Each structure stands twice: as C-alpha cells, then as structure tokens.
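If you scroll down you'll find the structure; I have some questions about it.
We call the chains A, B and C, going by the order they appear; numbering starts again at 1 in every chain.
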Amino acid sequence: MKLYKVAEQFAAWLVAVIVLSLLLVPIVMIVLTSLTPESFPTIPDGDVTLYWYSEMLSNTELMQALVTSFLVATCAAILSGIVGTVAAIGFVRSEISYREELATLMLLPLMISPVITGLAIIQFSSQADLPSGYPTLIIGHSILTLPYVFLIVRSRLVTFDDDLREASRVLGANGLETSLNITLPVISPTVISAMVISFVVSFGEFTATQFLIAPDATTVPVIIYTMLRAGLSPEISALSTLLIAIMVLGALISGAVTRST
Amino acid sequence: MIFRNLPVPTSVRERVTPRHLVAFGLGWLALFFVLPILVLVWQSLGIGTGEPLSAYQQALSGLYLWTIVRSFYYGIATTIVTLALAYAFSYFVVFWTSMKNLFLILVVLPLWIAYIIRYLGIQLFFSPTGPFVDLFGTDFGFLFSTRGVILGMTIAYLPFAILPIYNSMNAIDRDHIHASRVLGAGSLRTVYSVVFPLSLSGIVAAGLIVFILSSGSFLAPAVLGSSENFMIANMIERSYTELFNIELAAALSVIYTIILLALIAVFNSYVNLGEVFENI
Amino acid sequence: MLEITNLTKYYGDHLAVEDLSFSIEEGDFATLLGPSGCGKSTTLRTIAGLIEPTEGTITLRGEDVTNLPPDQRNIGMVFQSSALFPHMTVKENLAYGLKMHGLDDEVDTRVSEYLDLVEMSGYEDHKTTELSGGQQRRVSIARALAYEPDILLLDEPLTGLDRVLREQIRNEIKQIQREINVTTLFVTHDQQEALSLSNQIIVLNNGQKEQEGTPESLYEHPKNRFVAEFVGKSSRFTGQPDDTKPSVIQNGSLTFAVDPESIPDTSPNTDGADVTLYVRPEDVVIDTSSTFQNEFDATVSHIADVGSHSEIELELEDGTPVLVEAERFPDLSVGEQTTVGFDPEDVIVL
C-alpha cells in the first residue's frame, strides 16, 4: 500500500513535469538561442551576446514590419473591441428567437480554419475593390479577434447587475445616459482586457495574414516565416524573443486591468 | 464626469434597441466574414468555366483526397495524445498540489505567445544544433515527420485541453471522492467510477476544441513537417499561391468545412460550443 | 397621491399580477406584503416604470404615468442589492441622481444633508465597495431620497442583512420616513417588518389582493384564512358549527365557545361545513386560575425564550398544537400537564 502510494505520487509528478516542459521548453529555446555568439541558433555555453539584437534593429525591413504589425494590431483591437462589445450588449439584452444559435455564429471565425478565412477575405477584398494592404489586413484581423471580445465581454455582462441599470433609470437617466455613465465604466476593464487579448492575437497571427499582406504592409510573423524558410538563424530567435516580450507584457497588462476591479 | 442631456434626438434614442446592436454585430460579421465565405463557395462551383464542379472532382481524388484523410487522421491522433496528457495533468493539479494557481498560470502563459514562435521553438529544440540531438545524438525522427507534426500540435493545443478538463474536475465535490474512498474503492477505481464520469463534459469540450484546431492547422506541417505531412490547410494555400487554382482552393475549403461543421453539429447536441470557448 | 387601477401583468402565459387596485395617500407608509412570487415586486417595478404593465393605469400626483419611462417619473427606489454604482464614490452616487434631476447647484448641500440623515456623514469620498452591507443600504436610501422624489419605493431593502442589522435599519427607515414625511411603498415577505413599519398594508397572494388595511385591522380582523395565517402567529383549530347553539363550534371532544357575531355570513353555518378558528398567542393564558369559557387540558411540548418574552407550544389531548406568548422564563417544563384558556371574543372564526 505504502509503495503503491509512492509510485502514484511519482507518476503524478512525472506527468506534471513532462507537460510543463512541453509547454515551456520551446519558449525558453527561443530566448536562449537569441543570445548565442554562433552564426546558427544554439544554446550558448557560457558566452552570450546581444549581437543578433543589434542586427535585428538595423534591419529596416524588420523594423518596418514591426511598425505595420503594431498599427494593424492596434486598429484591429479597437475595431473588434467596438463591434464585439456592441454585439455582446445586444445579445445579452435582447430576447430574439434563435439567440443562442446566432451567438454561436459570432464564434465562427474561431472554428473555421484561418487559412479559409484569409483566403475568403483576400478574394472578397479584391473583388470588392478594397485597397489591399492595411485596410484588408485590419478588417481581416478584426474578424479573427471578434469572437474573443464577444465571448469575454458577454460573460462579464451576464454577471453585470441589472439592478445598476435600473437604479440609474430610476435616478433620472435615460437609456443612452445609463449606457454611457454606468454600463460602459463598469465593464470597461473587461473590454480593455479583451482588446489587449485581441492586440496580442493579431500581433502573432500568421496563417490568415499570409494571404492579406501587401509588399508595403508585411507583418512580423510573416517575416519570421519567410526567414525560417531560408534557414534557421539566431536573428529569427532575437526577433521572436522581442515578440514574446510584447506578448507577455500584454498578458501582464490584461491581468492587471482585470484584477483592478 | 457625467454624460447627460446629449444632443441625440429622442426619435433616434427611442428606436435604438438591443436588436439593433445585435444586427450591427451580425451585420459586420456577415459583411466581412460570411459574405466572403459565400463568395468562396460560389467560386468553388466553377460556374462560367468550361467544367463546373471539376474542382470538386479534383479535390476528392488522388493526392488531395489523401490530404483530407490525413488531416482528420492527424487531428484524431493529436486529440487522443493531448487529452491523455491534459487529463493526467489536470488530475495532478486538482488533487495533488496546493499551488493550483501557479500551475494554471504556467499553462495559460504559452497561449499568449504566437503559434509560429512556439513551433519555431520546437524546431530549435530538435534541430541538429539543438539540445536534444546534443544529448541523444539523433532526433529520433521527430523533425519533418508525422511524429513531429503531431507532437507540435499537441504542445500547441495542450492549454486548450487542460483548461476545460481542469475546470470540470475542479468542480467535483471532494466529498464524492472521499465517499468513494471511504466505501473502499481504490484510487484508480475512484478515478474510473467517480472522477471520470463527473469530468466527462470537460473532456468532450476539450476534445472538440483540440480536434477543430489541429485538423485545420497550417503551421505545424509547414514548420515541423515535410511536404509528405501536408494537411488540408497547406493544400489550400498551395493551390492558391502556387497553382493559382482558386476553384480548387475554394473546393477544398468547402469540403473540409462541411465535414468539420457536421462533426461539430453532432457534438453540439452534447456540449454547447459557446460555453466551450467561454471556458478558455 | 399614488393610484393603481386594474393593474394586470402577464409574463408570456404566466399571470403575475391580476386586476390589482389600491391607492396611497400623501405621507403614508404602505407595504405590499406577500410570499415570494405573489407579484409584489412586479407591482413595485411597474410603478417605477421598469416593467410595462399589460393592462391598467398608474397615476402619480394626479398624472397618468403609465406610459412614462422611469427617468421621467420622479421616483426614488432602493433595491434589494443596494445597486450602488461600484465605480463611483458615495458622494458621486448621490450626485448622480441630483444632476440627472438638474440640481447641480445643490449637490454639495444635499449630499451632506442626506448623508447626515442616514448617519453616514464623513463617508463622502469612500468607494461604495468598501462599505459594509448596512452602510450600503443607508447610502442607497440617501441616494434615493436626495432629489426629493414624489414617492420612495423600497424593494425588500433588508434582504441579506443579519437579524440585528435588519431591525436597526428597519427602525432607521421608519424614523427617516417620519422625519421627512415622504410617501413610501415598501415591499416585503416578512409580516413582522410590515406590521412594525406601515400604516397601510396590502396583502398579495398569487397576483391578487387578499386584503388591505391598517396593521391592526389585518391582525385582528383577517378576512380570510390566507391573511390570518400569513399575518401574525396563531393557533389553528377546525370544527363544525352547531345548528342549535350559534355560539359553539364542535370538534370531536373539543367544544369552542365563540362570539356568534364573528361567524361570517358567507360561511354556511347551518349545513355543518368546516370552519377554521384562530387564536393569537398573546390571547391564550396558561395554568388558568380564573375560569375561561374555553378551557382545555394541555401538555407543554416546547419552550422558547426569545428574551423579552417566551413562546410556549402546548398540545391539546387530541394533539392540536397551541401557541402561547407568556412572560419570560416561565415556571414550566416540557411534558408538564397544565391547562390553557381564552375568551370567546378573542377567537377569529373563518
């Protein structure tokens, strides 16, 4: 019995270590290989250098892609933040038939493979004479991130106290004043957190994005993929480490905003 | 600051109802998502070209048919491996540790990091100059093979499986487990007859998500596989960017999506997908 | 002041309020009393304008407000959950209603005046989430009153508070209402709150009005069994009227003497139908030294001291329980044989 217990405990810990290693080792690999003094991405044994970071910073194409990614992610987060919040408010408040089915429709961009979404949007955009590059990228990313905002804001609204709205109405505010003065401020941390998530998702999206880019508007993940095709290099690791830093920062901001309520 | 006496005409204010907000959200989705998809479906039919539906003929034969089969085969394999690991891990976190939050943070953290970066990390780990080859002298055929693709997708989608399983397991009343133990059931038997049935909804949800995501994966075969491991997403991309055959790309998309939606519809009677994604 | 006429509310097929009419005079403290699901909250929300009635009219100060939105009714309301805005301070919560009523110039004076009224002076800049349950109710009351509404609606505002706090805030509400003489409509399922606070009670059950009147009239002259059992405690007996002796109700071995005038006309006391008798606990005397017309042997089955008095439960020979309110710490023990007695005038016959 005693031995059996020990074996059980050992197995449990072993699984935990394996799973956490699977999840975290790839990320650690990126960070470590970005510091190598070698010309190929290997774990540095003792000697570390920031050479690949300076290489990266002097690469104008990379820097341009960073700016593009930043612009696209910001605009997409704002767009999906607005559309997703408005839709979530509508869905929670209205009593339409097929409400649940229609809400599931809002989640379709999560279920349909991003390859198909990207293909459909670039086809549509060229047929509808939408300017390629930024407008197409931003609209495409706003669609890909819309389900996140919708889901997160909707679940916050479900726990939103309806009494607050009613209290505001009785205190003399009309529906619009109530939405602006009460609903929005109360749910705003959630909306901001959802928009940060959208930003991060957009910033890292590759699969749909590869269809939507234009020569003057290329995002960082697409650059990473293109470089990867040409062969591994510590410079890719450096660029990826920068992205990891931005994404972890996003996670921290989102966590801090949510905790503040 | 308080907003009031806004110069919005009463007529407009009274007419904007929650239905209009729903319509706005669905309208946006319809215009920039549903409509493009419908256009794609239309293009797949090849009406106006000499041979309508020829793209479907092509998509359902030879190499392309095999790719569709391979996608679902990889999807199922990934789902099984991922569920097994996620279940064991969740069981450990729920019943063996006191640092649940720390473990959960470590699980959620990778979700914030782009797939392409995580796949790159896996490639670096198994690359000829990486620590794995350093240690064992070989990558055991992990790189650019079926094994590598499935391992990559398992790593990528593990958090999506852990979270719903963890949530459903964590919701189990500890008294049920204690009762089972007190009644004389061993711990394996308790897992089998108490924990497993009570966490089944989480398992189904996790399986569904992992299957949807993995069968449609583009990056795993592209970064960790060879052309022999191409899945449907890679074929769609190649048909469009290399063969310039939009009808074929569209037909492949339609076939894949119809199969997937049919599977989702079957499971949707068991779990609500909205709730599934909300768990994450 | 407030007049409800033929109010009816359907939720789909479910009838929540049926053809309800009542009115409240200026300065009254009225209570809608009933078990949960009786339609009292629906009625209150219809008055506030938060729910649209299916039929009927609501008149406030002579004006038909039935179709006005809540923000145009000049009503103050306190919610079960307090419903204080979590992103605003105490002062901002009060200022919100004042500003919405165009009272910008008076914000400072009114805020301090009304916080003083609920004894919350000094809490102006506190976040509402930092306040205790009792403090939140007080601020919520001040917020509802600060812009001097025509009527104050209270929707079970004491729910979720512990007993001591409930009583404390209950007394404060009563005191504030007397002080500023605001017309008040209170909703509760607690008959004790209703009896102690109001000067008019409307008892609702299944969406219908069972009885309306002063606490005294409801307690002493309930019109039906529901009101008799819902308002106040009592011992309950059943029996058949005796055709030959109109002042006697017969139940097997027990014979009850009652005031013949109190037997309702509607109860056909000639064909031997059942009637129900109620006796309030304070009208029953234990261990009768003087003689009562109603006197029975009884066994003490339960004694509960509640501090100011004690509640004693006894059993008659046939097992019927009798409830008695007696002096505290009575010289009795469980299982003891004794007698109980009460006057025919104290028996309510329904």
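We adopt the following convention: a contact is a pair of C-beta atoms (placed from the backbone, for glycine too) under 8 Å apart; a residue touches a chain by one contact, two chains touch by 3 or more.
Small disclaimer: the values here were computed from a predicted structure and weren't measured.
Of the two chain pairs examined here, A-B and A-C, the one linked by more C-beta pairs in contact is A-B. In this assembly, C is the chain whose CA centroid lies farthest from the centroid of chain A.
Centroids of chain A and chain C (each the mean of its C-alpha atoms) stand 55 Å apart. Averaged C-alpha coordinates put the centre of chain A at 15 Å from the centre of chain B. Multi-chain contact residues of chain C (touching two or more other chains) are listed as 96, 100. Of all residues in chain B, those that touch two or more other chains are 2, 4. Residues of chain A found to touch two or more other chains are 173-175, 177, 181. On the side of chain C, the complex with chain A involves touching residues 45, 48-50, 69-71, 73-77, 79-81, 83-87, 96-97, 100-101, 143-144, 147, 153.
The touching residues of chain A, when paired with chain C in their complex, are 161, 163-164, 166-175, 177, 181-182, 185-186, 261.
If you check the complex, the residues on chain B that touch chain A are 2-4, 6, 8, 13, 16-26, 28-29, 32-37, 39-40, 43, 85-86, 88-89, 91-93, 96-97, 103, 106-110, 112-125, 127, 129-131, 154-155, 158-159, 162, 187, 212, 216-219, 222-223, 232-233, 236-237, 240, 246, 249-250, 253, 256-257, 260-261, 264, 268, 272-274, 277-278.
Looking at the complex, you find that chain C touches chain B at residues 95-96, 99-100. Listed in rising order, the residues of chain A touching chain B in the complex are 8-9, 12-13, 15-16, 18-20, 22-30, 33, 38, 40-43, 83-84, 86-94, 96, 100, 102-117, 119-121, 123-125, 127, 139-140, 142-143, 146-147, 150-151, 155, 173-177, 180-181, 200, 203-207, 210-211, 221, 224-225, 228, 232, 236-237, 240, 243-244, 247-248, 250-251.
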